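Two complexes, one shared chain (chain A), two partners (chain B, chain C).
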Partner chain A sequence: MKRILIVDDAATVRMYHRSILEEAGYEVDEAINGIEALEKALNATYDLYLVDVNMPKLDGYSFVRELRGHAMIPQAPAVMISTEAKTSDQTKAFEAGANLYIIKPTRPDLLVAHVRLLLGDTST
Partner chain B sequence: MAFIKKSTDAASTGADRVAERDFAGLIAQLDDADPATRRWAARDLLVFPAATAALVARLKREDDRSVREFILTSLTRLGDEIAVAGLVEWLRSEDAVMRNEAIEAMKALPDEVAPIMGGLLSDPDPDVRIMAVNVLESLRHPHVEDWLIDVIDNDSVINVCGTAVDLLGEVGSPAARASLLRLRERFPAEPYIRFATDLALKRIGEA
Partner chain C sequence: MTPLLQQFLAEAREFLQGISEKLMQLENTPDDGALMGELFRLVHTLKGNCGLFDYPEMLRVLHAAEDLMVVVRDGDLPYSQTLADRLLDAMDFVSLLLDEIDAGNDSAAAHAPAAVAMAAALRQLIAAPQGIDDTCGEAATATDGTAGLPLQQVPEALRMAWYRTGTALLWIRYTPEAECFFKGEDPFFLARNVPDIAWQRVGAASAWPALDDLDAYHANLQLDLVSSASRAALDEHFRYVPEQITITPLTALALVQPQGDENGGPVYEDFVLAALAHLERGDLVTLERAARSMLELSAAGLWLASALRWLLVILETEPANRAALHAVIVSLRTFAPPRLSAQPLAIVTEAVAAPAPATSPAHDIAATVIATQLMILRMPDQVNWLPGRLKAVASTLAACFASIGRSDLLPGLDAALAGAMAQSASGPLLAWLLAYAEAPAEAADTVPVEAPLASSEPPVALADGDIKFNRRAEDSSTASARTLRVDQDKIDRLMNLIGEMVVAKNGLPYLAGRAESVFGVRELSREIKTQYAVINRIAEEMQGAIMQVRMMPVSFVFQRFPRLVRDISRKLGKEVSLVLIGEDTEADKNIIEALADPLIHIVRNSLDHGLESPEVRRAAGKPAEGKLEIRATQEAGRVIIDIIDDGKGIDPLIIKRKAYEKGLIDEATLERISDQDAINLVFAAGFSTAEVVSDLSGRGVGMDVVRAAVEQVNGIVTLESTVGAGTRLRLSLPLSIAVTNVMIIESNRQIFGVPMDMVVETVRVPRTAIHAIKNHQTAVLRGRVVPLRSLNSLLATDEEQLANDEDELATLVVRLNGEHVGIVVDDFREVVDIILKPMGGILGGLSGYTGSALLGDGSVLMVLNLKELV
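Let's turn to the complex of A and B:
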């Protein structure tokens, strides 16, 4: 089963995304900020990251940048997800190394479609 | 030979702090080329209420993160109107790192932030309103629930309401029930709002 790490400081948002992704057949883990996410990524392998932008300790842009520059962490697609809809925010996400930028609130069908596409899960 | 860990504090209490620690001397050191000197100047200025304007001005052009943290800490402790205004300006930054630095600093300033919270929660920029709700997360203030209820009753932007609902699920009481139900009716086609309001109602025992 493919594993997804949800990185978001909002408990409700983590639970919402977890419920959508688990229902779609994925194993889900959670981190409350970029620091915890980096620690988890160093100790486990994930197939995809779902990353909020604004978080204490280490924000989403900085987390993805660290992730992309870390030789010890196997690389996987990163979806950045934010309430901020400005083009500059999307540009910053892609410059940091994100593969996709989604604006909150997410709709379950669209989120699952994006995740499946990035994971190459055409049969599920 | 024993391993001796070089401490930043130990190193900085030497040459970095030899210069005059009076107000004028510390203000001048805020522009020093050495980040360690700027850091200690920012820290030592927290006993001078008149330093807030200089600290805010330095914050705007400071590119060293550790110095910014010391400036924000001093502004937090000084906490006058100029300090709070500087923190709010930081909150509006396009830079996620700076925004989060401001949020963390403002969370520690309940009495100083409270008078401006109404203005922040009605700011024309929805991103600023979301940041303001994020500040409320750890703001130990008796009006937090009232502010959140006001947001979900009146804000037209779904993500501002969504952020407020998330927090209401943690700090809300039965007083939030009617507003949570009204919010769900305002956004009937939004799965996240349904999920979040259901969860908040369950947590406050009003499902």
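Let's turn to the complex of A and C:
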């Protein structure tokens, strides 16, 4: 079973994404900020990261940058999910090392479609 | 109510609390950028959470608040009290909506007008955006005459509807003469009666002059209308004012004017290239899917999103118009309105020459993902984390290709990645991906939807050991969450169980006694005592741990005071600085909740009656700003809360007179009472010095309510005050109310309990030391005259108290209403922990007892309410 790490400081958003992804058959783990996410990435292996932007202690951009700078962590795809819709924010995310950018709030079917693609699952 | 909604409500309330706190802190440090950043993040996250649900009223207000905070955070708008007021009002409104959601109300729609007004009030604080320039700068280059028309004034949806229907439209610009009113013309009447109006707008022909210079009879109007009537009909309608009319046919492409935020980036560059390629090959189906996919990832307010919407409209209504499609695609790169030579508005509905093969939705998303990776690979390579970024792009592409059935591409991808890693550059991977991108049609053609190609080759050994595509999840233990929400009912039940266990363990000493005296087995008695010691230690530790679970910091109550003090002091016109000390002090949750109302009442009284206005304070030589300090400490197993103000204090003379007028004291007492006793009269029932009832001080409710609430949880209230200097009120509360420590006494061959927190000491008084003063027996203990009361007489029995062999009386000295009283009993017994249960049912009327408890030997212990008995 593929494992996904949801990184978001809002418990409500984590619960929302978790329910969607577990329903789709994935194993889900959570982190409430970038630092906790880095700790978990160092302790476990994930196949995909869903990363919020605005978080305390370590924001989404910085987390992805740290992740990409870590030789010891397998480099799984990262999806930035944010309410910030400006293209400059997306460019900043891609520079940091994100592979896709989705605007919040995500439609469940669209989120699942993107996740399936990024995890290499064939369409149903 | 779903768990997700419950989570949202709980978290939303936390965010509201945080927002309120940050605003209070900003009052003291208006220039604190970090604080503003935190405040923005709280509003931003709350808005994001709200977006998961269908609460448009709440979302509208939060969206406006977020936009306001962006401006404040970026330093374009300074913090001000007006700003704080409006944000606090907005958060109160959101809190109201949350309460209604919690109650299951469906009346949110009734709040729509309030939400609109509140959002408008917030947005009003943001500087007005630059007015839209009605004059188009490209008039000189107009080829179809529409360049000068403010077509963007027409809503995009309306223009799209016009485009779809293909109706011939004319733009009428009517500029009445300045003197038209003197000629008897009515421009509005004429404009309103234009046949077949599709849209209209009233504007000014030139800038309005100052009000003093305005001539109401001098027309300054420019009326714009769009009509689907014929040119002939319009000419007939305006036949009296033809020189004031300009009529311009609207071409189809003229309607296509994207609008919105012009942010852009390289990601669209690749889309443009791909789109132009699709258009060149006539693959309109793929073009449409790609545009839809890109639109999904774009914010609706962007200029680029607007252009994409127009692209889809043209594909829908006029797919053969390649020139228009090309113009719109190019505009994605240039941000300029699509340019084309003028042509009549006409719909061509030729069928597509060759239908493109069907593709699956995954391919649309895959195209977007691949385009994104392509864009990432074009970014500068000079970053420390480039190797990780390259690996991530490769992982993404590998997953993408596997998902669309192109696993055959994986070996080439691996080789390209190996080359890129060796060179520490994106070049090799970029070149490989570009080569793949040049053959998209072939890729699509070779993928029938019904039968995706399975990879016929085994996975090739990877050049780089770190790369593992489609890896199976590995089992590993990860740290669990740091916090856990637990129902209070469960904690309360746990508390009851530990209490019962404490009582049960107290049976062991009794059992040990029986083992020795009844069964005559001293060894068994000793073993029971040993086991009792072990169980006692474990039980005490467990009890302490459970009570710790119920402990929470007093900040839970203190946190509402900054807002309360701020609102009330502004309303009263007073200046008050609030100092909170010891917010981390912990106490039982029930104690803290019982504290909330009394503390609020005390604070209100201090603000209303204690602290003076700035003028009065200055006249008295005090600082204009009053100080209110609320402090919490733990002492000897109790929580002490002090509320101290530097206001005018309480005047004993006024208290005495008021108490006499209210009949609380007689004339003799009026003459004799001390100042401190007079001040304590504010706690008497029925006492209130409030001359005018106001909403601030609880409508004259006296301090007796405060004392009653505090004493209900075995608390003590004391008051000290100095005229002109201030007042200090102290609440002393037990840490917990679950387990009570009592001393067992014996009287008239019965046992009773007395709470240990009232007991000052136990002493045996020689009968010869007892003196009668004014018909009351007293004794001098430690230099203090203490009245003596016989417990038997208090309990209305006729028995004398028993003395010991030395003719001494067992006397329990207790603290009652700040005084010491000696209770004469027959004998003292041990001190025990009990679970005190209130008197219920028919026994509820026995005011002499606070409750009962079960002892280890099975007997029932009555706990005395000495306050009532004495």
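Simple rule for what comes next: the second predicted complex is superposed on the first by the 122 of 124 C-alpha atoms of A that agree within 3 Å, B and C clash if a C-alpha of one lies under 4 Å from a C-alpha of the other, contacts with A are read in each partner's own complex, and residues count from 1 in each chain.
FYI, a contact is a pair of C-beta atoms (placed from the backbone, for glycine too) under 8 Å apart; a residue touches a chain by one contact, two chains touch by 3 or more.
Predicted, not measured: the structure shown is a model, and the values here were computed from it.
By the touch criterion defined above, A:K104 lies against chain B and chain C together after alignment on the C-alpha atoms of chain A. When both complexes are overlaid on chain A, the residue A:P74 reaches chain C alone and has no touch with chain B. When the two complexes are overlaid on their common chain A, residue A:P56 makes contact with chain B and with chain C alike. Using the contact criterion defined above for the overlaid structures, shared-chain residue A:T12 touches chain B and also reaches chain C.
For chain A, the partner that touches more of its residues is C, with chain B and chain C as the two candidates. In the superposition on chain A, A:S88 makes contact with both chain B and chain C. Common to the chain B and chain C contact sets on chain A are residues 10-13, 15-16, 19, 54-56, 83, 88, 104-105. If you check the complex, the residues on chain A that touch chain C are 1-3, 9-13, 15-16, 19, 27, 29-30, 39-40, 43-45, 47, 54-56, 65-71, 73-78, 83, 85-88, 90-91, 94-97, 99-105, 110, 113-114, 116-123. Residue ranges of chain C in contact with chain A, taken from their complex: 3-4, 7-8, 11-12, 38, 41, 44-45, 47-49, 51-52, 261, 263-268, 296-299, 301-302, 304, 360-362, 365-366, 369, 372-373, 375-376, 379, 383-385, 387-389, 391-393, 395-396, 398-400, 402-405, 452, 466, 468-471, 473-474, 476, 478-479, 481.
Chain B makes touch with chain A in their complex at residues 94, 96-97, 99-100, 103-104, 126-127, 130-131, 134, 158-159, 162-163, 165-166, 169-170, 190-193, 195-196, 199-200.
Listing the residues of chain A that touch chain B in their complex gives 10-13, 15-16, 19, 53-57, 59-62, 83-84, 88, 92, 104-108.
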